[in-house]
Amino acid sequence: MVETIWQVLLILIKIVVILVPLMLGVAYLTYAERKIIGYMQVRIGPNRVGPRGWLQPIADAMKLLMKEIIVPSNANRFLFVIAPMLSLGPALAAWAVIPFGDGMVLADIDAGLLYVLALSSLGVYGVIIAGWAANSKYGLLGAMRSAAQMVAYEIAMGFALVGVLMAAGSLNLGAIVRAQAGGVLHWFWLPLLPLFLVYFISGVAETNRAPFDVAEGESEIVAGFHVEYSGMAFAVFFLAEYANMILIAALTAIMFAGGWLSPFAGIPVLGAPSLLWLLAKTAFFLFFFLWFRATFPRYRYDQIMRLGWKVFIPLTIVWLLVEGVAIMARVGPWFDHAAAAAGS
Amino acid sequence: MTFEKFVFYVFALITVYAAFRVITVRNPVHAVLHLVLAFFSSAGIWLLAEAEFLGITLVLVYVGAVMVLFLFVVMMLDVNLAPLREGFVRYLPVGGAIGGLMILEMSLILASRHFAAAKALPPHGPHYSNTRELGALLYTDYAYPFEIAAFILLVAIVAAIALTLRRRPDARRQQVGEQVRVRRQDRVRLVAMAAESRSAGPAEEEGS
Amino acid sequence: MSSELSDVLVPLPEIVLAGLASLVLIVDVFQRSRQRPATYYLAQLSLLATMVTVWATAPDQPVVALHGTYIADTMAVVLKLFLLLMVLGVFVYGRRYLDQRGVAPGEFHVLGLFGALGMMILVSAHSFLTLYLGLELMALSIYAMVALHRDSRAASEAAMKYFVLGALASGMLLYGISILYGATGSLDIATVGARIGDQAQLGVPVAFALTFIVVGLAFKFGAVPFHMWVPDIYDGAPTAVTLYLGSAPKIAAFGMAIRLLADAMGSSLADWSGMLVILSVLSMGLGNLVAIAQTNIKRMLAYSTISHVGFIFLGILAGTAEGYGSAMFYALTYALMSLGSFGMIILLSRRGFEADRLDDFKGLNARHPWFAAMMLILMFSLAGVPPLVGFYAKLAVLQAVVHVGQVWLAAVAVLFSVIGAFYYLRVVKLMYFDAPEGEVGVAGQGLDVRVLLSLNALAVLGLGLFPGALLGWCMAAFG
C-alpha cells in the first residue's frame, strides 16, 4: 500500500517537473514572440517591465488573473467554462510520452505516436465548444472554420506520422529517436523530407497559428472562437495555443531531427546525446512559428482547404509509396536497419 | 475488488450513463458531446483489456475526426425540439419493450454455458506488442477482408461526391494554374515618364 | 512461397473486376463529353473480361483460399457468370434512359461495377467477415445508385428508406453473426458448420443467432413480413436502377442464403426450414394478392418479386441438394425475367415520359406487335405458363418440396401462382385487346435496347424449351 502511494507521489513529482518548466516556457515564448516580431518589424518590442522587459509575461499573467470572467447571458454556462480546460488538457497530457532523453520519459508506452496523434486531435473540441457555447455568431464561425481545418490537416499529419512509423519500425517515440542514431544525415528529415515539411506545416495549421489562424481571424471575425472570453478563461486558451506550439516543435524535433541526439555524432563532448540538444532543436522549430507570423499574410479559407486536401494528402500518400519501395529495396543508410527491425 | 475491476466499473458506469443521455438529452449538441464521452470511456475499457491500439484508435478516429464532423453538422442544424420530444414519449413503450427483450436475450445467451467468448484469454508478457500482432494478422490472415473494406470506403467516397457535388454555373473557383502562369507584364505596366521640373508642377504638392 | 502466390490468385475474377472498376473510375474523370462513351464501353468490357476470367478459372473441386476467407466452387462460378450477365444487360438498358433524365452516367457505371464486385465477393465468401463486407459493398453501391437521380423527390425518398431499412437488416445479420461467433469461436463458415454439427446442444445461442440471420436475410430478399421497402423503392428509383436492384442482387442474395443456411447452419435445418415455410407462404400470398390491386407496373412487378422470393425460399427450405439446385435455377431465371420486364418499361419510356402505368401498355400490339409479343413471353413466363422457363422453375421447386414430403406446401404454392397469373394476364389483355391511349412508342430508346430486349425474351423462351442444360448445371453445383 505504502509502495503504491510512493509510486503515485513519484509520478506526481515527475509531472510537476515537466509542467513547471513548460509553463515558464509558454510565458517566455510570448515574450520571445513579441520581441522577435518586433525586431523583424524594426521595433524594439516590450522593454518597460523589469530589466529589458523580462518581467512582461509575469505582468501580463497578473493582469489577466485579476480580470473578471464575463459569461454572456445567453451562453451555455457549463460548456462555456469547460471549453478552455478541454483545450488545455490535451495539450498538456501529450507531454506524458515525450522522451527528453534516453529513457527520460514519464510514460514509456508502446503506441506513443498514436497517443500523441489522438490527443492532438482532441484539442479542437475546446475551440468548437467555446465557439458554440458563447452563443455568438463570430464564435460559431470561428468554431466551424476550426473544425473543418482540423479534420483536413489531421489526415495529412497522420499520413506523415505513418511515414515515420514505417521508417522507425515502431510507434514508441524513444525507439523512433534511437532509430535515427548516426548523425545529421541519418535523421529522418532527409529521407522523409516531404513528410517532414507536410508535418511541420500541418502542425502550424493544427495550432491555429498564422498564416492558418482563420479560426481567430481578428480582421474578419473579430477573434473567432474566443471572442466572448475574458480574464483567466481567455488566458487559458493562450496557454493551450503556446503549449501546443512547443509540443509540435518538440515532436518535430523528436521525429524528424533526432530528438536528444547530437548533430556532431562521433566528436567527443559535443557528440554526446543530451537533453540540451532536444531543447535547442525545439527552440529552433519554435522560431519558425514566430517567423511565419511575421512574414506571411493570412491564407484565405478556401486556400487552406485546397492546400490540405489537394496538395498535402496526395503528397504524403505518394511519398509513403516511395518510402515503401525504399524500405523493400533497403536503401541505405536509413532503411537497411528499419527493414531488418520490421522483419524480426 | 481489485483496482482494475474498480476502474472497469467506473468506465462502464460512465459509458452507460453517457449513452443513456445521448438519447434523452434535449439539445442535439449535448447529445453529441455525450456520445463523445461514451466513446472516450469505451476506449478506457479497451485500454483496460490490454487492447491499447484499438483504444487509442477509437479516440483518434471517432472522437478526433468523426464526432468533430458530427458536431460540425449538428451545430448548423436548426432543430425544432418539441416534436422530437413528443415522439420520444409516444415510442417509449415500444422502444422499452424491445430494449427489455434485447436485455433478456443477451443475458440468456451470455449465461449459456456454450458461449465460447466468455473464456478468459491468457495474459501476455510485458514485451507483447498489441499493435504489431494486429498488423501481422491484418496483413496476412485478414488481407482479403481488409482490401474489401478499402473498396467499401472507396465506394463511400464516390457515392458521397456523386450525391453532393453540384456544378453551379455561378460558383467562383480558384484557377491555380492560371494564377501561377501570370507574368508581371500581365498585371503591372511600367510607364516611362520624363522627369518634370519643379517649377512646371503645382507648388502646393510639397505641402500636402 | 509458390503455393502462397497461387493462393493469392484464386480470387482472380474479383481482382480483375476491382482493378478494371478502379480504371473506369479514373477514365471517367478525364472525359469531357456528357454521355461518357468511354466509361460505358470500358465498363462493359470489364464485365466481359471478368466473365471470361470466371469461366477460365472455374475449378473442378471447391477451392478454399486466402486463409479460409474465400471459396471458389461451381455454385459461385455459375452465380457470378449470371450476375455479371445481368449487370451487363442493365448497363445496355439503362444507358440512354439515364442520359435522358440527367443522371450522371459515370457514377452509375462505376457504382454498378463495384456493386457487382460486392455480389461476387458475397457469393464466394467462406467467412462471415467476407460475407458481410461483400454484402455491404453491394448494398452501399445500390443505395447511392437509387439516390443518383437527385432532382427526383421520389428517388431521394426511396434511397433514404432503402438505406435506413438496409442498415437495420445488416444490423440484424451482424448481430446474429456475432452471437454465432461467440458460440463457436470462429468466423470460418465451414468451421462454424462443423462446430454446430458437433455439439447439437449448443441450444440457446444458435437458436437466437439463427433467428437474427433469417430475419436479416428476409429483409435483404424482401420476403413478407420484411417486405415494406420493396414497392416504394422499386417505384421511386429510376427504372434503370430498379432494373439493377431487381435482377443481380437476387442472385447474390440466393448465394448468401446458401452460404449462411446450408453451409454454416446445415445441421439446424429443422429450425430454419420452419421459419422459411412461414416467410415463403406469407410472401407468395401477400405478394400475389396485393399485386392485383396495383395500377403502376413498377409496383406490380415489385409485389411480383415478393411472391417469387417465396418460391425461391420454397426450394431452399427443402434442404436437399435438389431443393438448393432448383432454388438456384429459380433465382437465375427470375432475374432474367425481371430484367426483361423492367427493360420493357425502359423501352417504352423517353425523355420526360415514364411508361410506368399499366395503362401505358394499352394497345401495344397495334403499334409494335413484335415487342408486344416479347412482353407476352415475359408475362407468361412470370405467371408460369408452359413451355416458358418460369414454368420449369416453378415445377422444379415444387418437385423438390414434394420430395421432402411437404405436399400441402406445394398445393398452397400452386394455388397462389394461379391467383398471381391473373395480374400477369391482365397486362397481356391490355396490350392485345384494349385501344391505345396516348402515344407510347419505342422511339425513345436505341437499337441496342431493342435488340437486347428481344434477345432477353427469346432467351426466356429458349430456356423454357431446353431447360436441361442450365438445370443440370444448377443441380451439379450441389453435387
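What to note about this one:
As written, the chains take the letters A, B and C, and residue 1 is the first residue of each chain.
The criterion applied here is as follows: contacts are C-beta pairs under 8 Å (C-beta built on N, C-alpha and C of every residue); 3 or more make two chains touch, one makes a residue touch a chain.
Everything numeric in this text was worked out from a predicted model, so none of it was measured.
Looking at chain A and chain B, no chain is in contact with each of them. Centrality by C-alpha centroid: the chain sitting nearest the overall protein C-alpha mean is B. Chain geometry summary: the mean Cα position of chain A and that of chain B are 21 Å apart.
Per-chain Cα centroids separate chain B from chain C by 35 Å. Measuring from the averaged C-alpha position of chain A to that of chain C gives a distance of 54 Å. Within the complex formed with chain B, the residues of chain A that make contact are 79, 109-111, 114-115, 117-118, 121-122, 124-125, 128-129, 132, 140, 143-144, 147-148, 150-151, 154, 158, 171, 302-303, 306. Taken together, the chain B residues at the contact with chain A in this complex read 29, 33, 36, 52-53, 56-57, 59-60, 63-65, 68-69, 71-72, 75-76, 129-131, 174, 176. On the chain B side of its complex with chain C, the touching residues are 105, 108-109, 112, 114-118, 140-145, 147-149, 151-152, 154-156, 158-159, 162-163, 166.
Note for the complex: chain C touches chain B at residues 11, 18, 22, 25, 66-67, 69-70, 104, 107, 110-111, 114, 117, 121, 127, 129-130, 133-134, 136-137, 140-141, 143-144, 147-148, 150, 179, 181-185, 199, 201-205, 208.
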